Each structure stands twice: as C-alpha cells, then as structure tokens.
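Two complexes, one shared chain (chain A), two partners (chain B, chain C).
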Partner chain A sequence: MQSNKLGWFLLAPTLVVLFFFGVIPFFYVVWLAFHQWNPFAVNPEIVFNGAANFRQLVFDQGFLASLGVTIAFVFFAVTTELIIGYALAQAFMRDFPGKAFFRTIHTLPLIMAPIIVGSIWKLMTTPSIGIIPQFLDNWFGYDLNIGQSALAAFTVTVIMDVWHWTPLVTLTMIAALVSLPPDPFEQAQIDGANKRQIFWHITLPMIRPAILATVFIRLMDALRTVDEVLMLTGGGPGSATRYLGVHIFKEVFPKTNYGYGSAVSVIVLYLTIVVCWLLFVALIAPRNKKG
Partner chain B sequence: MVAGGRAQFDGVTLRGVTESTPPSNFVSDVLAPKFEELTGIRVEIETTSWDQMYDKAIKDMEAGTGIYDMVYLEQDIVYAYLARDFLVDVTAALQEHPDLQAPGYDEANFTTFADNFRGENGGLYGTPMEAFIKVYLYRTDLFEDEEIRAAFQEQTGRELEPAKTHEEYAEIAEFFTRWGQEHDLDLWGTTAQAHTGHPASWYEYFESVAPTYGVYDWGIKPDQNYAASVENGGEMNSDEAKAAMTWWLSMRDLAPPESVQSTWTEVATTFAAGRAAQGLVYGENAAWIATDDSQSRVVGEVGVAMPPLEDGVMEDAESGEGYIGYYDGGAFGMPVTSNNQDAALLFMQFMALPEVQEDWAIAGSRITLNSTYDAPRVQEVDAELGGYYTMLRDDGRLFKGAPEYPFHRQLIEATAPIFYQILTGDLEPGEGLDQMAAKSEEELTSLGYRTN
Partner chain C sequence: MANVAIRDVIKRYGSVQVMHGVDVDIEDGEFVVLVGPSGCGKSTLLRMIAGLEAISGGEIRIGDRLVNDVPPKERDIAMVFQSYALYPHKTVAENIGFPLKMAKRPKAEIAEKVNYAADILDLTKYLDRYPKALSGGQRQRVAMGRAIVRDPQVFLFDEPLSNLDAKLRVTMRVEIKELHQRLGTTIVYVTHDQIEAMTMADKIVVMRDGRVEQIGAPLDLYDDPRNVFVAGFIGSPSMNFIHGTIAGGTQGRVFRSHEGLELPLPPTAAVEGQEVTYGIRPEHISVGEGGIPVKVVVVEPTGSETQVFARSGKNLIDAIVKERIRARPGEEIGFRIDAADVRLFDRKTEQRI
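Take a look at the complex of A and B:
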C-alpha cells in the first residue's frame, strides 16, 4: 500500500505534465476538427460544422497526394534504416581497430536537431555550391537538382532520413543482439546450420520484438516528418515531398486553416495507430499464439 | 529619452520577433543594445525565418499570450492584422501619453511608405523600419566591358544597355548565359527567385513580374466580388498574365541552376557571388552587395535601373492606376496583448529617431525618414550604387507594396501548389493560371470574401 502511494507520488509530476501538454491539446485538436476556424476569414469565429472537414478531406486531392508520397517515403526510409541498421549492428558486434571511434561518429547524426539536418543537406545539395551535385557531376556526369527533379528530391529526403535515424536502429539492434543467449547459436552450429539458417531461424525470431519496437518508433517519426523536409525542399518541387507533416504544417500555420488542419491531424494519428496495430497483429500476435 | 525617469522601467525586458533580414539584424545587434544603454530597458529581438516569424507572432496575438511586445509587420500582412484588431494605434497611444513622446520623434518625418501602416482613422499602427524597392541590378563591369559590348553589338545590332523592355532583358540574359558557357565562366544572364516549394517564387511572379505586364494586385478585382478569373472580371489568367508567366519561366531557364531553390535571400547571394549579369533583387540587399567586400564579389560593380516594362505600364504607374514593381518593407507594431506597452512605445520611437538612421540605411539599404536621404554616408553609397537611394526617393511612388487584402497567406498557400506545378512543368502556364484563378475564387468564397 505504502509503495503504491509512493509510486503515484513519484509519477504525479509526469502525469500532470502529460495531462496539460498531451491530453488537453489532443482533445482540443479533436474538438477543433469538427469546427470551421480561420481567424483571417470574414467570420473569424469558431463555428461547428459537424463532419464537413472529414468529408472535404476524402476528396482533397492535395491530401491524397500527400498521403501517397508519405507512404512511399515511410516505406523506403524505414526499410532502408532497418537493413543498414542491422548490418551496422552486426559489424559493431565484432572487434576491429577504431571500433569505439566509429561507433561514436556513427551516432552523431542522432544528436542533431532536424532543422539543422535539413540545413546541412540543403547546403550539400544546392546546385553549383553543394558538394553532392559537384561530385555526382564530376564522377558520373549526373546533374542533381532537387529543385527540379521530383524523383531526386524524394530520394534525397529518404537518404537524409536514413542518414539521420539509422544510428537509432543500430543502437537498438546492438542492444537486442547483445542480450541474446549464446546457447541456441552454439547448438545450431553443432547441428551444422549455416549462417543464413542461423540468421533466419534463430537470430531473426529472437530479435523480432526489438525490430518491431524499432519499426513502431521509426514509423511514427517518419509519418510526422516536417522540419528536415521543410528546410530542404519546402515540400517541392511541386508537391513531390509534401509529406503529411508538411501538408498539415502548411494548412495550419501559413493558411491558418485550423479546423481543417486539425481534421487532417486526427486522421493521420488514426492511420498511424492502424498501421502499428496491423504490424502488431502480423508480427507479434501469431508468435504469442504459438507460445 | 525616458521622460518619466528610469525607475518606472526597472527590470523591464521587451521582446520582439522579426524576420532575419539586414535591417532587422541591425535592430537586434545595434539598436537594441544602444537603447538599453540609454534607458536601462532590455530589448530581446528574436530574428528568425519568414515563416516562423509569422507563425510565432500570429499564435501569440491570436492566443493573447502577451509574449511579444513588438512584432514585425510586413507590409502585406498589416491589413490582416488590422482586420483582427491585433495592434495598438501608436499615434493615439502617444497622444494619450504625451509624457512618453520622445524628443526628435516626428511622425511627419516618415516617408510616404508609412501610409501603408495607417488604419482607417489615419493612425499609425507600426514604426516603419525597413522600406525598399525590388530593383533591377546589373553588373557595370560586364555592361561596360569593351569586348563584351562589341560582341553584344555584333550579335544583336544594338548597344548593351540596361533593358527597358522584356524583349531587351531576354536578349541580354540569353547573351550573357551564352557568354558564360563559351568562356567557361560561372556566369548566367539573369537571376530568378524561382523556388519550387517556397512562396518566394509566387511573390516574384505576382509582385515583380506580372505588374510589368500590366497585371496588378495579383489579378484579383475586389470591386468585382474579388474575381480572379477573366470570366468573372479578374485578370489572374488573362493573356497578359500568361505572357508574363511564359516570359518569366524562360528567364528562369537562363538563370543559374540554384534558382529553382532560391528565395529572395539566395537571389541576393547569387548576384553577390557574381553569378548573374542582371536580375530583380530585393533592395534591402543592394547596399551590401555593392559595398561589403566581406560578403560580395561585385563590390563597386553594381548598377541600378528600373525594371523592364510592357507598353502602357509606366503610364499606368504615373497616373496611379498601376505600378512597375514591388515596394516592400515592414514596421514594428505593438500587439494589444503586450504587457510592456509604455516601454515598447519608447523603443518604437527610438527606431524612428533621425540620429540612428544613417548607419542603418547603409546596413539595410532602407530608408524610412525623409531626412535620411540627406545624410552624407547615404549619399556616398548612393553614388557607389548607381543611384539606388535616389531612385527610392524619386521613383518610389511608381512601385507598390502588396495589395490591401486581409487574406494574403491564405490565398498564397491555397494556390501555391498549382503555381509550383507550373514551375516544374507539370502544368502549362495557361492551364496553370486558369486553375489558380479558379482556386483563388474558391478559397475567397470559402473565407467569405467572395459571394456566389
């Protein structure tokens, strides 16, 4: 009983902060989603409009296009981060000269604010002055201009995200790999299993919870990417990199379309929950059932 | 300066938010510390990006949090802020508190640009702190080079002079882009503020290019129920607007490759780096481009001219029916939610004192007081700049700021995605402008300005 009280007492500050900065804003946004509110309209008042914002959203070509490019962005970014992150984790599990140094360097992008990452990549990719277009031109004769080519802009935003967040995946993979017991691996080797079989039948199933947790985190982050992309491309060229976060930002802030922007935010949150739930059902639930 | 004595303002800290521009940076770096030295009132000016500046100021004033005592009022947003009663009438406030009137502050000394910040009652709702025109800059070293002049004469049959028409401008742009290629130089014929994901490109077209074709006020007609399409009486998709867009896109193609990622800042940097022979550049950058060798490679090699025009546009401007380009600028306004209004009033007057103007005019290429034109250093730089300040004084009346609409950013954001598609080539200029006109009318109907 005593420990329960102490527990609640210690938790209280966090719960209070969460209530004011998480719960109240969340319900405020949900409430706004059912209203029309643009402070620079002829009528700047908040007016209840039922589900009109959601109805509009279903037919909003801008939103649908944004949803499409976001799904593509999330798929390519998160998949690449998982593959490279796992490969790097495996590399860091082995001893090699300068390992500590490389491990430190490799985590540096993680400590950078997204807006800084966007600025750095903007400097690196601006035609004529950026180091990347310069080398691509010198070595391959390829003219990289992310202000002109939709594919190039999309690819660069994916690479930027991979550069920024792969270290997080690597660290979680290292944590998962380090915690694996040696016995199953020794048994498998004695039974004559090759590396591929060991990876597929032992390593992967055993680190699946860690992979799933990492995918959840990265998926949620990637779905709400704003700062980096806004700084790098502004959502362009055209709407090629106008991901959902950027779309919501432009609806809510410059356009001050608070009601509709809130509706888009609620739908994006709903989609995020659904995707995470589907992943959970597909990857974790069958395992628990077997267990 | 502090008529009531310092004690009244002990411990007061004024907070302001503004866009990071040369004039604003001067306020933050020079005027704020100087004011603190004189009055003991600390001034913290947050200089941030254009988007963030609006975002922070609007949220603060909308929510009434009172974080900011001063907000940057760009000329194009002031009508929206006035419509929402966000701002304090400075004229009225000073009349109510004559004890706060600073010696040397005189509203009558402001240039006519200050009229942009007056309300319907004639009161001033902000202290003008930057004012400049978007000018046609050209490289005098190139335009006066004998070899280049001879080559130009040979190819075009005319003398190389700053362009007066769009055809001449295009001819010069084509010549210099070709010249750069033939001589292996990093030189292009023109600048272009043509970012494919930032409204800077929208602004360049609607505020600097379309007016030179006779399409004013974004092609929207407030007296015709805010019509934008030709069908309803607007001009956003008129033949002139389409010709302007086609011309501008062709200039974009002759500009350095970074132009598709350039806002107003990068355009100035491109010109300062010596990468363009001519261009339309925000005047706030003109002085540093022409005089600051720590930032510019074209010091002493910059000339200023009027933008190229179609027939009839100058006559429209002279008669007051039109204008030839963009007159931009801003002021510092005080939100009604400010908790330190008296102290803010003092600082806003301090910014308008004649004695702080001279260095500021040089640092930010801006003039907001009539008396500043006579300052010795301003006249000196004016000569180096080929008469930029003289043009601002004498011909400023031919330029115009953004139209008096309270829905600037809303309309821009609604139409910008279509505009960017024109830039990327996904839409033809004609089709794109048709769609933009329709979208504008739809948005204005949704906002309640246009009635069906």
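Take a look at the complex of A and C:
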C-alpha cells in the first residue's frame, strides 16, 4: 500500500504534465474538429457544425492531393531509409579503421532541428547560389530547380528526410543485429544456405520486430513532417510537396481555419493508427497466433 | 558416410598458437568423442572440421576430399550446437526441413523426410509448434532431426547435452547412441563430461591445451592411461595419486610415499630411488584385514556401493567398495591394493612408466 502511494506520488508530475499538454489538447482538437472556429475573423465564436468539416474534407481537392503526395513521400522516404539504414548497420557490424569515428559522425544529422535541416537544404538547393544545382549543372548539365519542377522538389524533400533520419534506422538496426544469437547463422551456413538465403530466411525474420518498430516510428514522424518541408519548399511548387503536416499548418495558421485544421489532424491521426495496425496485423500477428 | 582425417592441424589467433599439431583419424561410421577440460581446443577442432573456424596449418580431409578451404555449406556435414541453434521464427517442421529447402529439394520429398525424422525422434505431434513452445529435450531432438534429414557424411555434435538436466541427459545419451547404431553415420562428438565420452564413444580423443594427450577405445584409456592427465581425467571418481619414490624393501621393491607409507609395486622398469607418482583407482581398493592402515575421514554410502575417504599421513585416499562399511570417522581400517591394478608415472614427465 505504502509503495503504491509512493509510486503515484513519483508519477504525479509526469501525469499532470501529460494531462495538460497531452490529454487536454488531444480531446480539445477532437472537439474542435466538430466546430467552426476562426478566432481572428469578424465573428470569432466557436460554432458547432457537426460533421461539416469532415464532409468538406472528403471533397477538398487540396486535402486529397496532399494525402496522395504524403503517401508517396512517406513510402519513398521510409523505404529508402530502411534499405540504406540496414546496409549501413551491416557495414558498422564489421571492423574497419575509424569505425567508432564514422559511426559517431553519421549520427550527427539526428541532433539537428528540422528547421535547421530545412534551412541548410534550402541553401544548398537554391538555384544560382546552392552547391547542389551548381555541381549537377557542371557535371551532368542537369538544371535542378526545386522552385519549378514538382518532381525535383518532391525528390529533394525525400532525400532530405533520408539524410536526416537514416541514422536513426541505422542505430536501431545495429541494436537489432548485435542482439542476434550467432548460432543460428552458423547453423544456416552448415545447413547449406548461401548469403542471400541467410538474409531472407534467417536475418530478416529474426530482426522483423525491430524493423517494424522502426517503421512505426519513422511512419508516424514522416506523416507529420512540417518544418523541414515548409522551410525548403513551402509546400510548392504548386502543391507538389504540400504534405499533410504542411497542409494542416497552412489551413490553421495563415487561413486561421482552426476547426477544419483540427478535422484534418484527427484524420491524419486515424490514418496513422490504421496504417500501423495494418502493418502489425500483416507482419507480426500471424506469427504470434501460430506460436 | 566418410572417414575424417585430421593431419597436423594448427590454429593461431594472431601470434597466439592455441592448437599445436593435432592428428586424429576417424574411421567411416565411427563414433568419436573429443573430450577434455574447457579451453583444451576440442570445440575449436570441431568447428574447424565444420569449416566455421579457419585452420592455420595442416589439413583436414572428409572422405578423400581436402576441405581446408571448402566453406561449411559444401562440406556435407551436419552439426548440432549446444544451444541447439533452432530458427526461432520457424516451426519444428520448417526447422527440420530447412537444409532440404536450401538445397531446393521438391516439397514432397522435404515433407517425407521431415516426417521420417520426426517419426524417429518422436516429434510428430510437435511439427507445427515453434521452438519456444518446446522443452529442452524436444529442442535437442529438433536439432538432431535437422541433422538427420541431411543424410550427411559426418555428424558433428558440440556439447549437445550440456543444457539438459541430469536425468534427460542420460535418456538423450541412449537416444544418440541408438541413432548412431541405426544410421551408421560417422559422428564427432565434443563433451567435457568423461562419463558421456566413456559411455558413447567407439574412440575417445583426450585433449589438453591444444594437444592430443591420448586416443583410444574407452576401456583402453581407462586401463592404460598414457600419463597422469589422462589417468586423472578418465574414470569417476578420479584416480588416487600419491607422490613418492621406489625403495628396496625386505620383500622386494616397494613404493614409499614422502610420508613413509609403503605400497605394493607391480613389475616395473622404474629404478630404485626414482621419483614417481603412484596411481590407484578408487574401485580397485578393497577394505579388509591386513591392508594399509588408514584413518577414515568420510563414508558416503550410495546404496549400491560405498565411497570411503581415508587418510594416511597427508594423503587422502578415496576407495569405492561394494560392501557396506560401517566405519566411523577417525576409526582405523585397512585398504588392500592389488599390485596389478597400480599405474606408475614418472614424477617429472608425468608419463606412464
């Protein structure tokens, strides 16, 4: 009984903070999603409008386009991060001179604030002053202009996300690989498996939980990417890189459309949960059920 | 099935040499046990046969093929690890069938062989289970099943029973031996447990510090140990060793310990005054009148036999007798030794005289 009280006492500060900064805003957003609210308009009242925000959302071409590019962005970014992250992790499993140095260096992007990352990439990709367009032009005669080409802008945002977040994937993959028991791998060699077969039949299934956890983290993060992209492209050209986070930001802040923005937020949250749940069901649940 | 020839095999880790020219011949169909204390190189030698560890010198042949640089997957061997090394994400059937799947055998053939192995090992009921839902003994059998389906030239076992409890170990010992009799495949088996070695092997290789101390049939090693190490390692409880010299007595030569204890000698080439180690197995000592007088320290009855620890001077001597002894600690009894059971070793070289 004593220890129980002590436990609550120690938890209390966290619970209070979580309540005010997590729980209340969450329900507030859900509540707002069913209201119309433009606090800076002539009529700043919060007016209940039922599911009107959601009805508007379904027919909103801006939202649907945003959803489409977001899915493409998340898919390409997270897939690339997984592949490069795994390859780097495998590289860091071997011994080579300067390994500790390179491993430390390669995690540096992780400690940078997204807004800084966005600024740096903007500097590097701005035509006429950026280093990247300069080199692409000198070497390949390719004219990179993320202010004009939708595909270029999209690609650069994906590369920026990959640059920023691959080290996280590498770190979790290293952790997963290090914790693998060596015996099944030696056994597989004796059982006649070649390197490719060992990867598909042994390594991949054994680190599947870690991969999935990493995908969840990266998926949730990538789905709500705002500042980097806002800084780099501002969602453009047109709405080529107007990802959901950017879309919500633009609805809520410049347009001060708080009710509608809340509705989009709720949908994004719902989407995130559904995607993660689907992944979980597809990849982890069947194995547990059989076991 | 094949013989295995190990010739002058050397292993170095950097500048440290851990294996110093090991020679072992393993006949086709033989059950060979590598035994020795931990760190003696027995597991390293097994891993070198498997190809998991590179050899720094010498050669290893499986059948007639030199396999020094052949990767494990092409050596046609099967191995059972101490940890069983089951694939945790695969069912029992998938685990057993894995080598066949890697060899791209047809599905029907895989199913047939898996069922055959499961039948032999009594695993049919568990084919759909995952390793985590099996007991230690069952996991052990899955690992063996995975080896059986290969129908390899050689089976390698790396301390396969060490993780099992004592009772199960005895059962599995019998099962492995039975399996060997049924399949007739060459087996190389590593253990630190000399009882396992004695009970299972056709031939035992005793190793110490990266060298082979002696190779022979279990009873040959028991009867004719080449040196003090083998004499002490084989047999349980271990042989009694008493240090002393050869002395001339009134009725011919005797062994005289440093405390003056006189013990009978077998015919020997040892010369008078030579420093020797006198070895006698506990089970070769009997208790009776007219023996060497000793003071009882501890009596341990186990029912079928009685183990008596007794002291003569500084020497603690261990005897195992069939009769039930009712001596109390401190009481004086007589230990009788038949000179024919005595093994003499040179004190310095520790080699048999």
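Note that the second predicted complex is superposed on the first by the 282 of 291 C-alpha atoms of A that agree within 3 Å, B and C clash if a C-alpha of one lies under 4 Å from a C-alpha of the other, contacts with A are read in each partner's own complex, and residues count from 1 in each chain.
We take it that a residue touches a chain if its C-beta (ideal position, glycine included) is under 8 Å from a C-beta of that chain, and two chains touch if they have at least 3 such contacts.
Computed from a predicted structure; not experimentally measured.
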Superposition on chain A - do chain B and chain C clash or fit: fit
Partner chain(s) touched by A:50 [first = chain B, second = chain C, both, neither]: neither
Partner touching more residues of chain A, whether chain B or chain C: B
Partner chain in contact with A:242 - chain B first, chain C second, else both or neither: first
Chain B versus chain C as contact partner of A:205, first or second or both or neither: second
Which of chain B and chain C A:150 touches, first, second, both or neither: first
First, second, both or neither for A:22, with chain B first and chain C second: neither
Touching partner for A:183 - first (chain B), second (chain C), both, neither: second
Superposed arrangement (fit on chain A Cα atoms) - minimum chain B/chain C Cα distance in Å: 49
Footprint overlap on chain A, comparing chain B with chain C: none
Chain C residues within the chain A interface of the complex: 50-52, 71-75, 77-79, 81, 83-91, 98-99, 102-103, 128-130, 132-133, 146, 150
Residues of chain A defined as touching chain C within the complex: 181, 183-184, 186-194, 197, 201-202, 205-206, 208, 287, 290-291
Residues of chain A that touch chain B when the two form their complex: 38-44, 62, 122, 126-129, 143, 145-148, 150, 233-242, 250-251, 253-257
Complex contact set, residues of chain B against chain A: 51, 54-55, 58, 62, 80, 83-84, 186, 195-199, 256-261, 275, 406-407, 409-410, 412-414, 417, 420-421, 423-424, 426, 446-449
